[in-house]
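Here come two complexes built around subunit A, the first alongside subunit B, the second alongside subunit C.
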Partner chain A sequence: MASTVDKPVAARSGVDKLAWRGRPRGNPWRRPWLMEGFTWLYIAWSIVPIAIAVLFSFNKGASQATWQGFSTKWYVGSQVTSVLHNPSLHQAVIQTLVLAVLTTLICVPIGVGFAIGIDRWRSRTSTGLNFVMIFSFVVPELLLAVALFLLVTQALTFIRLGTSAEVAGLVVWNISWPAIIVRARLITIGNTYEEAAADLGASRIGAIRRVLLPLLMPAIFASAVLVFASTVDDFVIVEQLSSTAATQPMSVLIYANVHGGLSGPALNALATIMLVISVAAALIGYAGYRWMTRGEGTSKRGTEALTGITGI
Partner chain B sequence: MGRRQDTFDRRNRWLWVALAAPGAIWLLVLFVAPFYVMLSVAGGGVNEFYQTVVPVWNPLHWSSFNFTGVWHDIVGTGAFIGSPALRTLLYTAVAVAVSLAIAYPVAYFVSRYAGRRKALFLILLIAPFWVSYMMRMLAWIDLLQQGGIFNSALSSVGLPGNTDWLGGKSVTVVLGLVYGYIPYLILVLYAGLDRIDQRLLEASRDLGLNKWRTFWQVTVPLSKPTLIAGAFITALPMLGDYFTNQLLSGAPGTTMIGNAIEGQLDSPGETGQGAVLALMLLVVLLIPMIYYAVSTARSSSEFA
Partner chain C sequence: MGGGNIKLESLIKRFDDFTAVDDISVEIRAGEFFSLLGPSGCGKTTTLRMVAGFEPPTSGEILLDGVDVGNWPPHRRNVNTVFQSYALFPFLTVAENVAFGMKYKSVPKSERDDRVAEALGLVQLTGYEHRRPNQLSGGQQQRVALARALVLRPSVLLLDEPLGALDAKLRRALQVELGALQKQVGITFLYVTHDQEEALTMSDRLAVMNHGRIIQLGTPEEVYNEPVDAYVADFLGVSNLMDARVESGGNGQRPCRLRLGDFCLEAQTGQLDAAGAVKLAIRPERIHLHPYETSGDNLVPGMVERLVFLGSTTHVYVRLASGSALQTLVRNDGAALPYSQGTPVSVGLPADSLRVLPDPGVSVAEIHEKTTGDQVLDVTSTTPS
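Let's look at the complex of A and B:
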């Protein structure tokens, strides 16, 4: 998946220029208006509903369909149903952040270690472990969540349902991000730099710490952003492994209240907060990735940073 | 160089094992072991008095108790599994087909024609990827509710504007699935199409093929692995989905296999049958999962 990142794209700049000139009919590089229109329609379809939902989180009234004026009452104003004052709503925000931070802190280091270890170990065991990791990436989330639920309730009961089970599950569900992304980068880097460091007298661990890790930093950073954002947005695992209302993050609370329960725009406000957290992570990821790869000077760095922080 | 690299790696084997160990243990305890527990619960029994699960850890003592239970749910008099299972397949097939029909032209356009605006298009295509699934479903619940914006728009152009879109309509659920999973598909297709060497397309044209034949005989065959991987990456989560239909319909007429699994798991005395159902779904999905895992493993090591 992480393979577009370092690929040289075929020399296409000449083609782009041609595409803009009036060419005779039948020119294969003619600008495809129909496809471009379709693409814009798709983009509108994918973004406008979300923009409307964000807009209605600022509605003065309780409707999600009729605009009644701007207000922030669903965030801070209302004493009963605003995110700030309603205990279950703000507890959900805190729980989401706690889960995202804990998961990122555990998942990224062990995932990076796993990627380096598997890449260099090269044995039948490591190939097998690599496949287990990739399976954790492709298994439907519901099946993993059900299996984890049974593990926690029937076998390892010391991992209680609630925050500890949620973190344990989120780490295993997300470990493939750092493992796959860092491994792809490791393969492009190769062994040469580390060997050179060893030849110059660095110890093995010193070579990893002072040569390999800095080279891996953009990949590590991108995967940390992905793990954080995907934990914020996670629903299935946390729904199966949460216990009381106090351990329900935002996604579960929204799911539980969509049909009845807490009234309309407050849920939109909660979802908007989730959106802001994810988008902030994405922006930090994009800026950070560009900054970390600034020495690698290619004109494609913008695109590369985008694909880097999405893991494709 | 290969030889030297090997000795360099071998001398440090303990280090690589130590680095891989925490992640490996985490995967074994929290990914492999849970599925063994699932097997033990499926092959176990029920405490008749408390209606609680009694897992059986020894494979030699596994019973068919829960399997017969599920069998009766599939073919017996009170059978209820058949229609959600069929519906899951139908919904997924339609949703994947619609997703591919939308995603392919978009990915194709951005990878080949976006030119200098590629970064802008990528930002717009990636944006939904960063919006949570709940938010995206909530947005449609707002739009489709009775008296909502979609119905108002329909009645303003003279169409009946009082349809209860959220009251158990299959079309709403399928569109929800498409809307929910299409961003991943587009990114996968984009990555695959972007990798196709433009010189091959130029060569095809130089050899006399027109643009349609170039598309069908060069681009499509070259993007076939991506199309298959993309179809799987969209289908796998859809087959395990149980919340899209709950959010956008909630009616029993739109339940999927995921709802059956969740329902069994939560009802006293039937947890074991939930485990059996989950295992059956896992077995069905094993082939696409293996295909996808192998292609992922291959693409992540193709630089080597």
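Let's look at the complex of A and C:
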């Protein structure tokens, strides 16, 4: 090129180098195929086995591997092995729900009190109790379950194996959910509302009851749902602390029968019911959290609800 | 109701090793609109929170109508607070918010609705009873917060930067309203702000604070016209500060003679008997611009650096031959300004407007940085007309 002749060579090569470095390679706005592909693989890997298990609960035949047509016989039809008619199967459903409700009712109020105590009453004790809050994330569940088993069979024998021991264990295991979720909300809402209430004449207790608790309601609700769902899913603790077949919840029954006994699609039906209860609880929690915080006008309430529900 | 006299005596508040409020003594008269003015971190909000009862004082007394309430919990004090964030309860309607405190003041149930209606009328929000706070604008939420406090008929109302979250125009409208409201209800207002315009326009008296202490206490006129030091002069309104040296001190009859660079000036206000290095202060509206080489007393040559047209006035920034930069105001009377950038002028600094202030030992720029550190410099609002 004629025009480049009068420019110093060194300067020209420098410019060219810069221009080469700054030039984007390919279209920066193209679809991220690789990332998208992995995401879908991950989703398939987690959902397909569950979907197959659910599908075979509707199998006409007694096989968990060969599809023989659609039927609801394992839920309601069969007089012998359907969830509805087999006493041990429907007893397990009832036991799961009883445990979930009792645990939620006991766990949530204690957890809320725990969170308020730790956050609003600052002292050395409350700092130490912070650890207890993340207890269930640190301690292996099996260890706690075995320890509780020894405790109620050797020391605290007035707590009988069965429903009462199961509830006690589940409450200890799940107390972190309300404590952490409610505490997160306490930090978000800050002290101002309580100060305003005190300024208007409310005592400490009055301010908590009339102002703090209503403001905490979304978090309390979210943690209740989470405790409920987590109790429905629990296996390790209830397996150790159940006594007779009458106090076996769904998870224990499925485990006990998966290699023999009451095998077949009836177990898939039971597992499907467990799944539906958990998913329904999470959905109700998500919708409820959004509804309760509707007046707060932030655009990120969807995400907030999700984190509220999942406790992350 | 009635009463509302607040007396702070040697009030001190320390947080660990930080002294937020450092020995404050002041008496606020019943029915007065009193402002605490200062940059953030000067201790004004901590003082207010101690009066409200949210913080216990480290030492000293808070006398409310003669009773030391320093260690009383907030709910037992007959004072109410309007918070900067309003702190309206989001799950209650406007009427429920306003009625919140009456439960504790043993107001008969039959009377509560009337009181709520009356308070909402006072802040011009009749008809909004059933709205939720999030359905109201910032200014409306502010009014609800006011009504919620006033409905309890406290002897003192504490306001913590209540207009801080509003935009400039609304803030100015509410300033006027708030002042009028205070005269109407007649209770003591203790108002905390970092906005000098708010403090000047509304207060009966104000205290300028810095580093936990009260630097100057007086009426807005006194504090604006007769600042005790360069800090107050610069914090309230625009002040032109200049470094000067005293040639011969003055007194009540004789002006103080000073040297500003190569020029001699006379000053008739401030600390006339000072000696050595001092700061000279003059308000922009007191400076006169004359054609270049006009002769007379207290005239210093300078050059126009910049013109800022503001509608009703034009700010003319002038650099004196001595090196100091000054800001002056020229009223818009319809005629074209005879200045442009670079025009030489004679700057008239009338002796009765020049104020001699003690030298704090720091440069003009440092003072300026300190007083505006947490504020966005808003040239349209810094000079009350």
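Keep this in mind: the second predicted complex is superposed on the first by the 280 of 312 C-alpha atoms of A that agree within 3 Å, B and C clash if a C-alpha of one lies under 4 Å from a C-alpha of the other, contacts with A are read in each partner's own complex, and residues count from 1 in each chain.
The working rule: a residue touches a chain if its C-beta (ideal position, glycine included) is under 8 Å from a C-beta of that chain, and two chains touch if they have at least 3 such contacts.
Since the structure is predicted, the reported quantities are computational estimates derived from the model, not experimental observations.
Touch counts on subunit A: comparing subunit C and subunit B, the chain ahead is B. After overlaying the two complexes on the shared chain, residue contacts for A:A229 are found with subunit B alone; subunit C is out of touch. Of the two partner chains, neither subunit B nor subunit C is touched by A:S243.
Look at A:S164: by the touch rule set out above, it reaches neither subunit B nor subunit C. Contact with subunit B, but none with subunit C, is seen for A:L144 once the two complexes are overlaid on the shared chain. By the touch criterion defined above, A:M274 lies against subunit B but remains apart from subunit C after alignment on the C-alpha atoms of chain A. Once chain A of one complex is fitted onto chain A of the other, the partner contacts of A:N257 are absent, as it touches neither subunit B nor subunit C. Touch criterion met: A:A198 reaches subunit B and subunit C at once. In the superposed model, A:T72 makes contact with neither subunit B nor subunit C. Across the two superposed structures, the residue set of subunit A contacted by subunit B and also by subunit C is 195, 198, 204. Across the complex, subunit C meets subunit A through its residues 52-54, 73-75, 79-81, 83, 85, 87, 89-91, 100-101, 103-105, 132-134, 148-149, 152. For subunit B in complex with subunit A, the residues that touch the partner chain are 4-5, 8-9, 12-13, 15-24, 26-35, 37-38, 40-41, 53, 55, 102, 105-106, 108-110, 113, 115-116, 118-119, 121-143, 145, 147-149, 152, 179, 182-183, 187-188, 190-191, 194-195, 197-199, 201, 205, 210-211, 214, 232, 236-237, 239-243, 246-247, 250, 258, 261-262, 265, 271, 274-275, 278, 281-282, 285, 289, 292-293, 296-297, 299-304.
Of all residues in subunit A, those touching subunit B in their complex are 1-4, 6-7, 9-12, 15-16, 19, 26, 28, 31-32, 35-36, 38-39, 42-43, 45-47, 49-50, 52-53, 56, 64-66, 109-111, 113-114, 116-118, 120-122, 126, 129-144, 146-151, 154-156, 168-169, 171-172, 175, 179-180, 183-184, 187-188, 191, 194-195, 198, 204-205, 229, 232-233, 235-236, 239, 250-251, 254-255, 258-259, 264, 267-268, 271-272, 274-275, 278-279, 281-282, 302-303, 306-307, 310, 312. Taken together, the subunit A residues at the contact with subunit C in this complex read 192-193, 195-204, 206, 210-211, 214-215, 217, 295-297.
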